[in-house]
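Two complexes come next, and they have one chain in common, chain A, joined by chain B in the first and chain C in the second.
Right after this comes the complex of A and B.
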């Protein structure tokens, strides 16, 4: 394990940016922090002082042109693979990338757009010093296992970060830092243990979240179908593809979509299999806690708590999954 | 205060004034409450009233048929939303029992979590509360409590005219077109929003600054004389775009030109047409 004092973060990022494009949460002062390429002189927010939106917006942008047509010819818009380093995403977000990998990279047709940003991306995942009230990592998986999804795990100990390299690439990128002594290592482990609270029993959750549970009606009554839960989620991967005319041709682009919207399942015939808010709320929960465990062997929710904080009507996924509202 | 509210809610259900009471209940954290639907007197014991009661519950009125008898807890700004719905004939006054609550401002749960306190102050207040124009509930069958306003009113926050294009281009560039601002608005009740229409296609789903500009501009036009400034749209925005600034600017024009404040009149703005009204661009000499 290595040590990185907080005063040395700017220098570390500067050093890193010589070989890799650094992506980290930054804020313009008024809004929540968002992941983007860090411009020289910009200070990323990795001290937990501000609400950080999920890194999904960088790995899967809200607007991405897949190809264009120009004078009858198709112009490919697949981005070039570059070397990136993503710093300051939560450990849970790093695990969410594993869910994304199942969706976008498994099978015989991996998604080249996502892969271009994922293939050579050193992940520096953060374990924040202050556990926000909404966080429930431990309820959705074995937090210690998630470390495998990272190149380096950064434990925030207040005045410094303990950096634990998990891969050769991670070790290479942190080799210039000083070594951490045993007391720091113990502090780092203790910090992670605080996040590993809660039980994971996929089978019990599955039984509680029965399709025909009468409680769904009650759970979804206050939902306003705004979809903020899905837009804020680091592991929601649904998108829409649309075509638009533009000067001299057309473009096909990908944009975000949400299962909470009425037109998500609306068919050309006018029939909508999920006509109300109840089936849509149920879909979000079942997809993450029932269908994805069946498909991928892992829960689709990573417990980052963003939906809990962002939900304007205070729907708390923990209470639904934990059984307080569905039993 | 919470006790008085519970008593009143119980009375309303007991005497059959309404079939259900829509209010707030305790949420997952001290700075978070959640909308709550009470059907029995027992349920009423879960109702609360505090500075974390941020939701504008008038949103739920249009979920139910007009004939249903509903009791609704409102803050002064929410009450103005109810008044807009009444003026536009979306709800019937006689079927709605309005429990007004005196309010000195509410907190924004995310700001409060960042600050680590749920004490109401200028830093933790919902931004719209710093621009509040509602002293008392406009429509209410009963008003509970008294409140003192301690927040410092915010001044003009629209950038100067010359800088606006640049400012809003930057803001709208963030928009992901989730339409949460529309969904949470009590007075956005169209069955199909123009933004969801594919034929004709008014605006593309593409979340570029230009297309998002179209959506927000049309929304603010549709809300002219209807937006009461509760600020829910701004609060829910997952990208923290200050959309309420546009509506506030619009409200100023409506006040200047037609001397009308949304939620204060018996008729909607368009229903107050007079021949001598100012109509720039139509009959300009």
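Right after this comes the complex of A and C.
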């Protein structure tokens, strides 16, 4: 393990940016921090002190042109694969990328747009010094396992980060830093332990969240179908594909979409298989806690807590999953 | 390979099937695309009208028809309206083949019963023509096809060809002056004809209400769930199991479907 004093973060990033494009949370000028490529001289926020929007906005932008048509030809707009380093995402966000990998990279038709940003991206994930009120990582998985999703785990010990390399690439990128002593290592382990909630019983959750549970009506009653739970989510991957006319041709772009919206499943005939807020709320929960575990053995929620904080009517996914509202 | 990038194709022929449905015969403009293209009955495609959008259609042609593909579009929304305005010679985009297919190899040696309604004949036409072209592999082939009116029956120009290898029974909900055939619904006709379920596979596609009653009749005739096939329809965008729309339980209709038998369907959450 290595040590990075907070006073050295700017220098570390400057050094890193010599070989990699650095992506990190930067203030949006108000209360949020947003993931973007860090411009020279820009100071990223890597301490969990602000509400950091999900890195999904960078890995899967809210608007991305897939191709254009020009003079009767299709011009592929897949971005070039570059060397990136993503710093300051939460450990849960790094795990969310593992969920994304299953969705976007598995199978015989991998997604080239996501892959271009993911293929050579060193992940420096943060374990914040203070656990936010909304965070429930440990309810959705084994947080120690999530370290494998990172190149380097950064434990925030207040005035410094303990940097734990998890890969050869991570070791290479942190080799110039000073070594951490045993007391720092113990402090890092103790910090992560605060997020751990023991064994997660996926099967029990699945049984509690039965499709025909009569409680779904009650659970979804408050929902105003704004979709912010899905837009804030680091592991929600649903998208729409649309066309626009351009001068001399057309473009097809991908944009975020949400299973919470009525037209997500509305068919041309006028028939909608998920016609109200109840089936749509149920779909969001079951997709993450039952269908994705069945599909690839991983809960699709990472317990980051953003949906809990962003929901305008206070729907708390923890109460639903934990059984307080579904038993 | 970019799975979101369509192949360019030229509309070679447009056939007006019914007052609201047209069949488009298209050929790939790139000879390499044309040479590499192969599919199985039941698979589907995403059709692009550039600048308007993309829409999902089954491949209604059969893999035994070489050199072109066909799809039938009922005019219901934005992309299908644009398609209905298209002319022969226009260039569109095709992403195909997508999804699974009817297990025609498993069906070898069995009798086949097709019960379709309206535009539901589009996916069944592909597998029907495929099986007719390989008639020696299958037993008795029976087709029961119905629509609201005689004008709503699709693929009329093929019925004589079908009759060479199959028993074809047509019915309409309401006849007109020229209609001398049967008047009535498909499930009722199925009950009346009472085909044997012995060594027989049934395929049914059509409006949900028709399917519901066809299923009842098939069960009454002794068909087992695993011997009844259909194609499920859900809204789709990506067609490759990523955009999330056609998710039912742990399945994606675009990857695990669109072809399912009723044993598989019984295991899904009933929201489709």
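List of remarks:
Following the convention adopted for this analysis, the second predicted complex is superposed on the first by the 323 of 327 C-alpha atoms of A that agree within 3 Å, B and C clash if a C-alpha of one lies under 4 Å from a C-alpha of the other, contacts with A are read in each partner's own complex, and residues count from 1 in each chain.
In this text, a contact is a pair of C-beta atoms (placed from the backbone, for glycine too) under 8 Å apart; a residue touches a chain by one contact, two chains touch by 3 or more.
Model, not experiment: these values are computed from the prediction.
After superposition on chain A, the partners chain B and chain C are seen to fit next to each other with no clash.
Of the two partner chains, neither chain B nor chain C is touched by A:148. The superposition-derived angle at chain A (between chain B and chain C) is 90°, Cα centres, a multiple of 10. By the touch criterion defined above, A:250 reaches chain C but does not reach chain B. Once the two complexes are overlaid on the shared chain, A:267 sits against chain C while remaining clear of chain B. In the overlay built on the shared chain, the residue A:211 is in contact with chain C alone; chain B does not reach it.
Of the two partner chains, chain B and chain C are each touched by A:240. When the two structures are aligned on the shared chain, A:104 is found in touch with chain C, with no touch to chain B. Smallest inter-chain Cα distance, chain B versus chain C, after superposition on the shared chain: 7 Å. Shared contact residues of chain A, touching chain B in one structure and chain C in the other: 240, 242, 244. Taken together, the chain A residues at the contact with chain C in this complex read 66-67, 69, 72, 74, 76, 78, 103-104, 107, 109-113, 211, 237-245, 249-250, 252, 254, 257, 259, 264-269, 271, 273-274, 279, 283, 286-287, 290-292, 294-295. Residue ranges of chain B in contact with chain A, taken from their complex: 27-29, 32-37, 55, 59-60, 109-110, 113-114, 174, 176-180, 183-184, 196, 204-208, 232, 235-236, 238-242. Residues of chain A that touch chain B in their complex: 30-32, 34, 49-51, 53, 57, 62-63, 132-134, 221-222, 224-228, 231-232, 240, 242, 244, 253, 255-256, 258, 261-263, 308-310, 312-316, 318-319.
Of all residues in chain C, only 1-6, 8, 48-55, 76-77, 80, 91, 93, 208, 233-235, 237-238, 240-245, 247-250, 255, 269, 271-272 touch chain A in the complex they form.
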